[in-house]
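Below: a set of structures, written as structure tokens.
What follows is a pair of complexes built around subunit A, which joins subunit B in one and subunit C in the other.
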Partner chain A sequence: MTAVISAVGLSKYYGNILGLNDVTLDIEPGITGLLGPNGAGKSTFMKLITGQMKPNIGAVTVRGRRAWNDPGIFRGIGFCPEPDAFYEDVTGREFLTGLLRLQGFPDAEADERAARALDVVDLAEARDRLIRGYSRGMRQRIKFAQAVAHDPEILILDEPLSGLDPLGKRKLIKLIKGYREQGRTILVSSHVLPEIEALTSRIVLIHQGKILAQGDVPYIRDLIESHPHQISVTSSDPRALAGRFIGDRSIQKMTFGEDGRTLVVETHKRDEFFGRLTQAVLAAGIEVDEVSSPDDNLQSVFEYLVEK
Partner chain B sequence: MTAANPVRRIFRFFAFLGRRAGRTRVFAVLGLIPVVLAVVARVFLRGRTGLMADVFTEILMVFFLQFYIVLLALFYGTSVTAEEVENRTLSYLTTRALPKPAIVLGKYAAYSALIAALVAVSLTVSFFVLNAARLGQPDLYVTFLRYLGVLVLGILAYTAFFTFLGTVLKRAIILGLVFGFGWENVIQYFPGSTQKFSIVHYLKSLLPYRPAPVGAGGGRGVALLLFRLEPTKPLAAVLILAALTAGLLALAAWVFRTKEYLPED
Partner chain C sequence: MAVIREKGYTHWDGRLVERRFPWSPITRTGILLAFRKKRFKLVFAATFVPAFVFLVGLYISERLEDFKAMIQGSDRLINIGPKYFVSYFTNDSLLFMIALVLALGAGGLIADDLRHGSLQLYFARPLGKKDYIAGKMSVAAFFVLLYTAVPGLLLVIFKLVFAGSFEFFLKYPWLPLSVLGASLLLTVFFAFYIMLLSSVSKNNRYVFVLVFGVYYFSEILFNILRGVFRTPYTALFSIPANIKQVGAAIFGQAPPLAVPAVWSFAVLAGFCGLAAVVLDRKIRSVEVIK
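Let's turn to the complex of A and B:
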């Protein structure tokens, strides 16, 4: 397949701070998930693709055209920015029609497209309310609507699911998948793995401005599974519980918390451990108050991968 | 899709947003000051037509020329770029099929038109309140149009200057205040050619020149403001103001096209 977006040796610095470091990446039609913790360089990469920033080194092209100072490419690009920022004193409808007119659509068509986009994101009823009065989820949806209202072939979505409730997330995921079915190219960023996983199997891991890994979900999952996980179990008898796991080879380390009720386990096979934990708790009749994973977040996994 | 001029598209969008903005209402209220002064003067100077014309000249020089248009141009001009960066809305504009210079020029045009409308309303009402007794005299309307023309030229020049400042600097408003209410107010009284380094000098050069009476030691307000003016010829003043406006706008458009506007964080 031909790359729609292509980055070659792309680097961006903010003074002495490294925003993006030597990124070479081809993005093809379909959904590509850009996964990384906050500050990883996802937004920087998206701003470079959308010509809002100029690369210090390397180049990024969209359909073979350089993005910086080429407004023509934006007829085919829809960008959903990450910040919760709007022209607050306009209604949802005015916001969309205004931006569509800026895009060059005549008034009647702009009105028609705005109405359609509002309908798509379930904001038709709130169209004449000021954006200032929208809830976080509504603001996120109107932001998405402005990205798709002009029917672009390429969608660049920076954290589009943040701030949405589970139902809103599900609807938007379905919507984004619908655009994929139409053969469009979609780049979507998130710092939450399950969000990206729900959207696509094609994932690019980015951390500290570098592409750490790219591949499909099983590959990324394996990579993440290789990181030893810490699991904390608070129970009525942590020592009895620990006794049940003494012979378990999948466990690297066990320690007891200072409160005398917590057992902290380190394992490479988290899912297996959870299965055995249930059996052990039932067999020993131990009362469990809480099970949590102190390091079960992307940041710690990334840090582990970087060290590796 | 229409081929509507990108500058016109931006103009329309920001003329609409500008009308909606809360600060426009605040500045419109500020524009009532000369109207109130005119009404008060009319009540107290009943029948003294000449004196009322003098009062209007002072309102024009002190309020409109040296305060109101400078203040409006400062806030709207610097915000052409700065408000988009600070409010993080710039990406809505720069990711459209619009040349970047069109964003600056269209927004400048929209805000200049908005300022001109605010000033025109305030000027018209206060002028005709104070000159109500002379409504039948044709030269009154010529004078009014001349005043209005000078203020519009001032709006265009000052807004262009502050637009340029806003595209170049992050905290343009502070330097703008120093320029608008410091430099402009002081340098215009310098003798010789130094006063020509102020915008207000060229605006005053287009107004009827009234030297101070000999031995008056500065005289009353108007004389004080004008007594050291060494006016530039009207045609030259207009051309200089036009060139200044065009030059500053061209620079602002070029800076906006080449500069990256990064968020604070």
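Let's turn to the complex of A and C:
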């Protein structure tokens, strides 16, 4: 498949701070998920793709055209930025029609498209309310509506699911998948793996401005599984509990907390450990107060991958 | 194996409007938003008062000879000639009202975009930085022209109508051009002035204070320096004084102060140039991540 968006040796610095470092990436039609913790460089990458920032080194092309300083490419791109970016004193309908007019649509067509886009994101009833009165979820949806209202071939969505309730997320995921079925190219960023997983199997891992890995979900899952997990168990008798796991080969390390009630276990096979923990607790009759995974987040996985 | 998807969506068959001014929707929205503010509507209407007063003066001068005694001491209102127009375009009331209208209606043009982070939405359209600035400046220009060129030309027309002859026009055939020139001076200067101040803050109220603060501080500075140095050239520090100097020159009248009007023009032009540089630096498509 031909790459719709192509980045070659892309680097961006903010003074002494590295935003993006030597990123080379081809994005093809379908959904590509850009996964990384906050501050990883996802938004910087998206802004470079949309020509809103000039790369210090390297180049980005969209359909073969250089993205920087070419506003014309926006006829075919829909961009949904992460932060709220509205005038509060206009209604949802006015907001969309204004932006559609800037795209070059005549007034009647802009009105019609705005109504359609509002309908798509279930905001038809709130179309004449001021954006000031919109809830966080509604704001997220109207931001998405402005990205799709002009029917773009390429959609760049920066954290589109943040701030949505579970139902809203499901609807938006269905909608984005619908756009994929129409053959569009969609780049979605998130710092939440399950969100990206629900959208696509094609994932790019980004951290500290670098592309760490790219591949399908099983590959990324394997990478994450290879990360040793820490699990903390607070119980009435941590030493008795530890004795139950002495012979378990999946456990790499066990330490005791200073409070005398906590057992911290390090394992590569988290799910297996949880199964055995239940059995051990029942067999020994130990009272467990709390089970937690202090490093069970994407950030620690990335840190592990970087060290690796 | 990769799934081959058929391109299922269809593009719109109509034609996109090839706007000569792609920024015009920005101007339209800016004007619309200004009228959403209650205080603005009141001030907008009140700003026509100077034009109305001058129109009354013009009417009295032509039609009601007997009433001239009632407005003794107001020669500049009833002696219709270039001086009358200089008075209209450079009187303190009009300049104050223009500043007030712009502070209320246009102070947030860029400040609001900076506050709401809307710049990236504008620049996610087929629109350049120049288009953005032109669209925003046109909002300010619209209001200033409404208080300068429109009443100025109407006053010329009413003079001819009330006089019932073209004698006035034949005597001063260049006057309509001067009216347009003075309008252009005020429009360009105030548009740059409000754009500059709107771009230096994300807070609307702060911009409001700056509009009057800078304007009157320049006048106060002029008066203090004149007291100290005893030279009219300190007028070059004052925004209103420079406007009055250039305004008089546009209508072929002697400037109120003994300073060449071209110097005042250079100061105003320099200010606009500085504003353009600041705007170019301040308006970025995206905020730099800190």
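Following the convention adopted for this analysis, the second predicted complex is superposed on the first by the 308 of 308 C-alpha atoms of A that agree within 3 Å, B and C clash if a C-alpha of one lies under 4 Å from a C-alpha of the other, contacts with A are read in each partner's own complex, and residues count from 1 in each chain.
Keep in mind that, in the parts below, a residue touches a chain if its C-beta (ideal position, glycine included) is under 8 Å from a C-beta of that chain, and two chains touch if they have at least 3 such contacts.
This is a predicted model, so every value here is computed, not measured.
In the three-chain model built by superposing on subunit A, subunit B clashes with subunit C.
By the touch criterion stated above, A:Ile196 is placed in contact with neither subunit B nor subunit C.
Legend: residue contacts after superposition of the two complexes on their common chain; A:Val148 is shown touching neither subunit B nor subunit C.
Using the contact criterion defined above for the overlaid structures, shared-chain residue A:Met53 touches subunit B and also reaches subunit C.
Contacts of A:Arg184 after superposition: subunit C is touched, whereas subunit B is not reached. After superposition on the shared chain, subunit A has more residues touched by C, the comparison being subunit B against subunit C. Once chain A of one complex is fitted onto chain A of the other, the partner contacts of A:Gly72 extend to both subunit B and subunit C.
Shared contact residues on subunit A (touching subunit B in one structure, subunit C in the other): 14, 47, 50-53, 71-72, 74-75, 77, 79, 81, 83, 85-87, 89-90, 94, 98-99, 101-106, 109, 146. Within the complex, the subunit C residues that touch subunit A are 2-3, 5-9, 11-12, 14, 16-19, 22, 25-26, 28-29, 32-33, 36, 112, 116-128, 131, 285-286, 288-290.
Chain contact summary for the complex, subunit A toward subunit C: residues 1, 14, 17, 19, 29-30, 43-44, 47, 50-53, 71-75, 77-79, 81, 83-90, 94, 98-99, 101-106, 109, 146, 151, 179-184.
Those residues of subunit B lying in contact with subunit A across their complex are 1-4, 6, 9-10, 12-13, 16-17, 20-22, 87-100, 257, 260, 262-263. Those residues of subunit A that touch subunit B in the shared complex are 14, 47, 50-54, 69, 71-72, 74-75, 77, 79, 81, 83, 85-87, 89-90, 94, 98-99, 101-106, 109, 146.
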